[in-house]
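Quick heads-up: structures coming right below.
Here chain A shows up in two complexes: once beside chain B, once beside chain C.
Right, the complex of A and B next:
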């Protein structure tokens, strides 16, 4: 079942001079099995939006429906059992390495599953599997999470969410502060999780990653949803006004067009299709 | 997180907000002194207390603190009230002036007990409202500047006034950051299934640990980063400092100073001279 936003608005500091409308009248659906990107300039409401899915914030108007779990502005309509919802929707925050606290890596990763009711042995088994997924081997199990490098800490934190097998995984800027190689490794990890059947929601500023990995993109601007499109068609539309960077592929395409090469851009999705289109364009010349 | 809203700066632009912070601290102290004067009779005590309460309430209204916030900050006083009443009713009252409230087989309780409890409650409310006015209308940084100004004379005794002010302002500056961190970690741990409100004591204790340790770690990281950043920009605690916002004393500040001093002078006079307005008017005193 999909995640459905029905006319969701949200304000911070309601009824105070600091009141600030962060989300305004959102209506959209996130289908199961999608790899969705959420983009927009800093402060446009991306992080606020994903917290509505997890019931960490409650809408001030409207409701969010996740598999029948309702997070509504109306207290009476809200589903009481938030824990069940949070087990299904894994949320990896920005710089998740700050949530580590246990003595050993294994204990920290097993913390989530234990909270959601797994027995100690089961939780440890799940933790070991999750650590293997993020590429950390047995030598890490008994180390303290605080002595790891930044990238390793982040992997541990992500494993801590993967360990309880959420149906939906929301990741908030997982590649921030990583080098390009590390960023692609991280994204390949999420792609493999998506392949295994998890619905993925990625909040990011990196349009190249959006083009390469995602099948749908939601664009936010000043708390409003301004586009809900496939990356390929969004990047060829007038996207400059949202102060987003055009992916390298499409910048190249634009320059080729400016130089006078008549390329049919509708079929271009990645490097291979771009090459094909160029060959075709040159052949017809 | 609601509890932290008490004493928060509220960005309005009332005349109280524009007053010099040095003056506001002084005036708050003057008014607080007024709160604690004693008067000869119950009617005088309540009259003078009520007058001061009216003045302070006008100040609260001028600061544009919402009525809800004031009530919210007084919400926890009910426990205090019950406690006070029990104490005053149980402890025998020596020099009573009011009639008996009841006499149960020799256990005599005079109305004085209730009057006394009420007066203490009134004082508490006034003190809370006064601090609320000060903190809601003054930016924490301005408060530190004012504090530094008051500490400056101590420099004669080699008291590090500037450093103390710097420490306080850094501490104040990090309160919102720490609150933000707390909320962020709380959210991260709640989405990992921690329930901070329900569950057994052990579970909740575990939950708190998962909150406190990351907070400690991030505060240490932050303080180290701040220290490095300050040193990179050449911070020298001994250096003579200038500042961007220079505090000026305006006529409005002078007026406020005169008025609050006059109020204090009035209260001193009435109290010291044992004046009883009710007796002067020929009414029976209570």
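Right, the complex of A and C next:
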């Protein structure tokens, strides 16, 4: 079942002088099995939006429906079983490595599943499986999470969410501060989790990651949903007005168009298909 | 050959005994040129930067700055001719306003107060921050912060500026601001030598010389054109090739002849549209 936003608005500090409308009349669906990107400039409402999905924030108006779990502005309609909702929707915050707290890596990763009601042995088994998924072997089990490298810590934190098998995984800027190699390794990890059947929701500023991994992109600006599109089609629109960086390949296509060579972009996915299209466009000129 | 501003000769460095982080690095950077050292995290490029800046002093081999050997007795004198822009813009502010911050280095070198205002204004102008002199550095965007840091460095009239991952924490807009500024600085000061330690290959596409480091060794060194012709080999060490070079090679593979003088993306666009 999809995640459905029905006319969701949200304001911070309601009925105070600091009242601020952060989300405005959002209507959209996130189909099960998507690899979705959420993009937009800093302060556009991306993080506020994802916190509506697992009920860390409640809408000021409208409702969010996650597999029948309702997060509504109306208290009476809200699902009582928030814990079950949060088990299904895993949320990895930005810089999750700062949330580690246990004595050992294994205990830290097992904390989530234990909290959601698994027995100690079950939780440890789940933790071991999650650690294997993020590429950390048993030599890490008994180490303190605080003595690991930055990248390893982040993997431990992500394993802590994977360990309770969420149906939906929301990751907020998971590649911030990583070099290109580290960023692609991290994204390949999410791609494999997505392949295994988890719906992936990625909040990011990096359009190259959107192009490479995501099948759909939601664009936010000043709390409004301004585009719900495929990355390929969105990148051909005017992205500058949302302060988003057009990937090099699409910027090039736009320049070429402006300079008078119209390239058929329908089949372009990467540099090789771009080169094919250029050769074709020149031949038919 | 113009005189070498920086020469590195057979540089070795170890953090722990028996395990070398730098395994014999040699290169030289001529006066007025722009060199980029690229490599992914853990390649040894930051260690190399620290050796050149005199922050790692226990290296073997030689670092020559302005023709003089870097040593404990020469390091302070040599460093006074080098400007360094670090990765995290928040870690390099000392003043409570942009103007104070640019003034800090000048005060340290006893520039008379009456001259200072004019100097500060002219260097803030060079980086396009003259309207922000009374602003608090904390309130600026990442790109603006790095521009202030660069103006503070320029005000010291260095012969060599080292950028140590200076754009790594900036968003795409901030990065572009800095690249444009570097381009302008080079046009305005033809004698200024720049060394950038980076993992951004698009930046390296604009350099005169690219040095690729992997596992403590130089694996490629030369002009961007030479270095980035090794697309496959670079991919094996997790480095990609700038858009222009990657596309040009693919077009040539498809039988398109592209003249020598088409050596930048705008020129390639023009050529293809002709």
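The rule is short, and it goes like this: the second predicted complex is superposed on the first by the 272 of 285 C-alpha atoms of A that agree within 3 Å, B and C clash if a C-alpha of one lies under 4 Å from a C-alpha of the other, contacts with A are read in each partner's own complex, and residues count from 1 in each chain.
Convention: a residue touches a chain if its C-beta (ideal position, glycine included) is under 8 Å from a C-beta of that chain, and two chains touch if they have at least 3 such contacts.
As the structure is a computational prediction, the values presented were derived from the model and not from experiment.
Of the two partner chains, neither chain B nor chain C is touched by A:21.
Look at A:191: by the touch rule set out above, it reaches neither chain B nor chain C. Look at A:115: by the touch rule set out above, it reaches chain B but stays clear of chain C. Using the contact criterion defined above for the overlaid structures, shared-chain residue A:86 touches chain B, although it does not reach chain C. Of the two partner chains placed around the shared chain by superposition, neither chain B nor chain C is touched by A:227. When the two structures are aligned on the shared chain, A:256 is found in touch with chain C, with no touch to chain B. Applying the stated contact rule after C-alpha superposition, one finds that A:4 touches neither chain B nor chain C. Chain A contributes residues 15-18, 51, 54, 56, 83, 86-87, 89-91, 93, 96, 98-101, 111-112, 115-116, 146, 160-161, 164 to its touches with chain B in the complex. Residues of chain A that touch chain C in their complex: 177, 179-182, 184, 205, 243, 245, 248-249, 252, 255-256, 259-261, 271-272, 274-276, 278-279, 282.
Residues of chain B touching chain A in their complex: 10-12, 66, 68, 181, 184-185, 187-195, 209-210, 213-214, 217-218. Note for the complex: chain C touches chain A at residues 40-41, 168-169, 171-173, 199, 202, 238-240, 243, 246-247, 250-251, 253-256, 265-266, 269-270, 272-273.
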